[in-house]
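Given below, in the form of C-alpha cells, are the structures.
Shared chain: chain A. Partners: chain B in the first complex, chain C in the second.
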Partner chain A sequence: MDAAAQKESSRTMSVFDLSITPLRELNSALHNISAGTNDMNFEVINPRGSHSVAVGIDAPVTVNVHGSVGYYCAGMNDGGTVTVHGSAGPGVAENMMSGIVVIEGDASQYAGATGRGGLLVIKGNAASRCGISMKGIDIVVHGNIGHMSAFMGQSGSLVVLGNAGDALGDSLYEAKLFVRGTVKSLGADCIEKEMRPEHIEHLAKLLEKAGITDVKPEEFKRYGSARKLYTFNIDNADAY
Partner chain B sequence: MSYHNPYTPPRKSATFDDQTLAEIRRAAATGIYDIRGGGTKRKVPHFDDLLFLGASISRYPLEGYREKCDTSVVLGTRFAKKPIHLKTPITIAGMSFGALSGNAKEALGRGATISGTSTTTGDGGMTNEERGHSQTLVYQYLPSRYGMNPKDLRRADAIEVVVGQGAKPGGGGMLLGQKISDRVAEMRTLPKGIDQRSACRHPDWTGPDDLEIKINELREITDWEKPIYVKVGGARPYYDTALAVKSGADVVVLDGMQGGTAATQDVFIENVGMPILACIRPAVQALQDLGMHRKVQLIVSGGIRSGADVAKALALGADAVAIGTAALVALGDNDPRWEEEYQKLGTTAGAYDDWHEGKDPAGITTQDPELAKRLDPVAAGRRLANYIKVMTLEAQTIARACGKNHLHNLEPEDLCALTMEAAAMAQIPLAGTNWYPGKGGF
Partner chain C sequence: MCGIVGLFLKDRSLEPQLGTLLSDMLITMTDRGPDSAGIAIYGTAADGRAKVTIQSASPDTDFAGLADALKAKGLDTSVVVKSTHAVLDIPADKTGDIRELLASVRPNVRVMGSGDSVEIYKETGLPKDVVSVFDVRSMSGTHGIGHTRMATESAVTTLGAHPFSTGDDQCLVHNGSLSNHNNIRRELIREGMTFETQNDSEVAAAYLTSQMAKGKDLGEALTGALDDLDGFFTFVVGTKSGFGVVRDPIACKPAVMAETDQYVAFGSEYRALVNLPGIETARVWEPEPATVYFWDHEKAA
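Here is the complex of A and B:
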C-alpha cells in the first residue's frame, strides 16, 4: 500500500483496540452505521479471546479481527464481511443471515450453528457440531470437522475438504453435505448419495465462492437425508 | 348339596383402571405412543390446597374499590435499558404460530394489549400480525431456532431464552405434518407436511457458563435494551433459578407440570416435572439467598386459572404469572358450543387435547383456514381481556382483604394449607397449626 492509499485507508477505517476499548463500543459502532457513510472498515486488534466480537452486524461493513476470538464471533451477521486472523471459539457466525465470515485458523464447536444464509469459510479445522441445525448457510472447511456435524441440518451446504468425524448429518433434513476425505460414521438417516452433474456444478460454485482453486468437485462424495425419519414410525424407534 | 354364590358387583382394578386398559389397547393397536396437547391431567397438589387467612384484629383490611391496591409490575430492572411495564401481573405464555392459528395469535395479542400485559411468541418465530397486534411482545429464543432472526430479536420488547417448559422439562417438541402448512414450513425452513422435530437442547451452548456468554451475546446484539428472561420447566427450581441468575437473567420464568404444550408424548406430560406449587418457594429461596428477590423478577406458570391462583402465586413470592391453557379457553378452546364436532372426533368439550392433529373445532389449534375462520380475533381478544381483568380484580379483592396496597405485598404469612402435601410443598403451615412438614418442632 503506497503512502497516499494508506492515508486514504486510515481516514475511513476505525480501529478498536480491545485491550483498552470496551467491546460494547465496537458493537455499538457496528450497529450505528449511518446511511451514506464511508466509514465501513473496522480493524479490531488485541481481541484476546473476547466473546461476542462483531455480533449483530446489519450493514455491509468489513471487519478484520487480528487475533483469536472467544464465543459467537460475528453472531447473527447480516451482510458484513468479517475475517478473523486467528482462531475462533464456539458458535462462530451462529445464525448468520447473510455476508461472509472467514476464519484463518481453527474454529471450535457449533461453527455456523443455525445459520440462515451467507458463507462461512474455516481455513483450519472445525470441532464438533459444525453446521448444527443449519438453515441455509454455506460452510466451507479446509481441514477436518468433528462429530455430530450438520446435526438436524435443514438447508444450505457443508463442504469439507478434509475428513468428517462420527455421526455426520444425524437426523438430517435437506442440508447438502460434501466431504472430500473420509467419514468416520454417518448419523441416523444420513446416507451417501450419487454426485450428479447438478451437484458437481453446485459444489464448483461453492468452492469458487470460497476462493478454492486447487481442489476439484469430483473429488468429493455427497451425503444427504434418506428421509426415513420424516414421518414418525415406531419401527424406527431405535434410530431416533 | 348345591352352593350358589350371592351376587357381587364386578370389581375393576385400581391399578388397571379403564383409562390404563384403554391406553394399553391403543398402544397395541397403533404401535405409537400417545401424543397430545395440554398439561398434566392427573390431580396434583395445587393452589386449591391453600387458603388466605384474611384480615382480623392483628391486621386490618383495605376498603374494596376505594383504597388503592396496585397491580402493576416492572420486569427486567436488573440490566435492561428498557424494562417492561405492565398494568397487571398476568402475562400470556409462549405459544407458537404453527401450534396456533394466525387468528388465535392475533387474538392473544389483542387481548394482552387491551389489558396492559405482554404476550409471547413460540417455536416458529414472530409473525407480522402478532407484532402488529401486541403492544408488548416477548420473543422466545428456543433450541430449534425456527424462524429466529436478528430483526425480530430487535423488534421484540423482551427476549425469553427457553431452556425448558413445565409440560416436558428435558424434552423437545413435535409438530406433526398435518399442521405444517406452506407458511409454517417456510417460517421453519422445512419441507411441507413432514413431522417436524424441535430440539430439546440449544445448539450452541451447554450449561450455565455458556448460557452466561449466550445472554451476553443477545444483549450485545440488541444493545442492552431488552430484558432477557430465562424460562425453565419445574424440575430443580432452586438450582435452576440460582443458575439463571448467575447467567445474567433479568427475569426467571418457571413453568410447572400443569403448563400446557402444543404436542408432546402423554407419558412425558404426566410423568416428568413437578407441580408449580412445589416450585415457587425453592425458586424464591434461591433469589433471596442471592439477594436478588424482586431484583430478578420471577414469573410462574402452570395451572393458573383465577385471581385466587394469581394472589397465591404472588403471596409465595412470585412477581408475575403467565397463563396459556386458561387464555386459550378464554378465546374459545373446548367450548361446549362445538360439542357435536368434538363428539365426531371421539371426545367431548373440556377433554379435547389432540391439538397436534390440527382439527380443532374452535379454530384455535389448527392451520386449516376454514376452521381458523371460526375464531374472530377481535371478539376473542376482547374475551381474553375481560378474563384477565376479572382475574386481576379478584387478586386485588383478596389482597385488600389481607390489608395489602400492592399485590406484591402479599406474603406467605397470609396463607394456610389444607393438606399435608400442600403444606410441605409450599412451606405454608397446615391450617390451624404453625407447622409444616420439614419444619422442626413436630
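Here is the complex of A and C:
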C-alpha cells in the first residue's frame, strides 16, 4: 500500500442512515468540519427522496448519497464533492459556489439554478429550467434538458450531450451554451454562434473535467446571446 | 403548493392493498398542504348497481333513517355510514335522479360523487386523520387518486377539498391554479352543468366531464384541457377504468411517475413513491410538460 492509499484508508468515514437519523444531524455534521480533521468522507443511505440533503457544505468534504433525493440537494455547495447515486428532485446544486456535484440519474427542474461556480454533472436527463440564471457554474448534462434552460444565464457554461427543449437561453447574458443534439427552439435573443478554436479548447476542458472521453468537442454547436436585449430598446418591444 | 398522488394497479393481486398503499402515499405528502385531504377509490362494480358517496355536516341526524326515507320514495337502496360520509348502494339507472331525491328527504346532504365503482372521501384536516376516520386503509380497488390541499382559490371546506367529481365515476385532483376558470365555468353552466363551489379545480373536472360527454376519451379530453385551460396545473384524473396525468406547458408544479409490471404510480414528489413494492427497479420519470399520459384497464385487456 503506498502512502497516499494508506492515508486514505486511515480516514474515518461517517455513515448517516436517513431512515433512522434526522436530516439535521447529517447537515450539522457537514457544517461543523473542524480544521485538520480527517473525517471528511460521508456516506448517506436511505435518503428516500428527502429534501435539502447535504445543503450548505463549506468544506472540501466528500459525500456519497446512495438513493434518490428530493428538493435542493447540495444547495449552496462551497467546495464539497457530492455524488447522488440515484436521481435528484428540483433545485439540485442550487446556487452552488464551488465544488463538484454529480447526479448519476436524472435531475428535476431548475438544476444548478443561480449557481456561481463549481461543476454540476448530470448523467441522465435534466428537466426544465436547467441552469436558470446561472452566474458562473459549469453544468454538463449527459442526456437531454427541458424547456427554458439557461434562462437569463449570466456566466458559466452549460454543456448538453443530448437535446435541448424549447426556448433555450431565453434573455441570455454571457453564459456559454453547447448542445450536441437538437435544440427544439431558441429563446429570445439566443442565437447559434461560430465554434472558434478557443471554444473548442474551452469545451474540451469542460468535457475532461466531467470525465467524458468518448465525445469530441467538435460534435457540439455553440449558442450565446445576440446581445440585443441587454437593455430596453423600444425597437425591440415585440421581442419582450 | 398541494400534494397529489395516484395509483393505477395492473396486477390484480395488489388490489386488496390499494387503500393502504394510497393512504401511505398521501400521508407522506402532508407537508405540501395541511388544509384538507381526500381520496377517491375505484372498487369493484356490481352489475346493475351504482354507488353514491354523500356527506353531511350533521351525520347523526341526516344519516339516521336515511335508507328507510329513500325506500319510502321508491328507491331500492342500502346505506353504509363512515363518519361524515355515507355510501348509498342504488340501482345503476337511478344515479341521474339521486340528487333530487336526496334533496327532498335530506336537504343538507351533499353528493361527493357517484358511479359504478368510485367512492370519494374528503374532509378538512390532515391526511392521516382523513384516512383514519374513513378507514381508507381497508379499502380494496383497481385504482385511486388522492390530494392534500394548501388552499389558494376557494375556502377551506369539505366541498372545497379534492378530489372533485363532476360526472359518474370521474374525478380529478389538481396541484396549481387556473386563471380562466370563471370564463370556463360560465360556458359550462350555459351547457347545463352545475357547480357546488367557486373552486378552480372543480371547473377543470367539469371541463373534462363535458368533453367526455361529447364522446372524447380521457386522453382526448386531457389534450383539450391543454388548449382550453389557462394557468398552472398538474392533474391526475380517474375514470371507471382509466387513469390520466397531464401537466401544463410551463410545468412548474412537480410530478414524478413510476411504472412496473404491477402498477403505474404518480406523486408530487418521489418521497410519495418510496414505499411501493419494487420501486427500486421501477422505471421512474418526470412527466413531460404539455404531454398527456393515460392508462386504461379496458383498453389494456
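Criterion: the second predicted complex is superposed on the first by the 229 of 240 C-alpha atoms of A that agree within 3 Å, B and C clash if a C-alpha of one lies under 4 Å from a C-alpha of the other, contacts with A are read in each partner's own complex, and residues count from 1 in each chain.
Methods note: contacts are C-beta pairs under 8 Å (C-beta built on N, C-alpha and C of every residue); 3 or more make two chains touch, one makes a residue touch a chain.
Since the model is a prediction, treat every value here as computed from it, not as a measurement.
Colleague: Touch test for A:His31: chain B only (first), chain C only (second), both, or neither?
Modeller: first
Colleague: Going by the contact rule set out at the top, does A:Gly146 touch chain B (first), chain C (second), both, or neither?
Modeller: second
Colleague: Which one hits more chain A residues, chain B or chain C?
Modeller: For chain A, the partner with the higher number of touched residues is B.
Colleague: Where does A:Asp170 make contact in the superposed view: on chain B (first), on chain C (second), on both, or on neither?
Modeller: The answer is neither, since A:Asp170 touches no partner chain.
Colleague: Just to be sure I read the superposition right, which of the two partners does A:Arg48 touch: chain B = first, chain C = second, or both, or neither?
Modeller: second
Colleague: One more residue to check, A:Asp189. First (chain B), second (chain C), both or neither?
Modeller: Neither partner.
Colleague: Which partner does A:Gly91 contact after superposing on A: first (chain B), second (chain C), both, neither?
Modeller: In the superposed model, A:Gly91 contacts chain B only, not chain C.
Colleague: Applying the touch criterion given at the start, work out whether A:Met76 contacts chain B, chain C, both or neither, answering first, second, both or neither.
Modeller: first
Colleague: State which residues of chain A lie in both footprints, the one left by chain B and the one left by chain C.
Modeller: Correct list for chain A: 70-71, 90, 109.
Colleague: What residues on chain C touch chain A, complex-wise?
Modeller: 249, 251-252, 254, 256, 269-274, 284-286, 288-289
Colleague: Provide the residue numbers of chain A that touch chain C in the complex, in ascending order.
Modeller: It is residues 48-50, 68, 70-71, 87, 89-90, 106, 108-109, 127-128, 146-147 of chain A that touch chain C.
Colleague: Can you list the chain A residues touching chain B in their complex?
Modeller: By the definition above, chain A touches chain B via 23-24, 27-28, 31, 51-52, 55-56, 58, 70-72, 75-76, 78, 90-91, 94-95, 97, 109-110, 113-114, 116, 129, 132-133, 135-136, 151-152, 154-155, 171, 173-174, 230-232, 234-235.
Colleague: Going by the contact rule at the top, pick out the chain B residues touching chain A in the complex.
Modeller: Touch list, chain B to chain A: 31-32, 144-145, 148-151, 153, 174, 176-177, 188-191, 194-195, 197, 199, 203-205, 210, 213-214, 216-217, 220-224.
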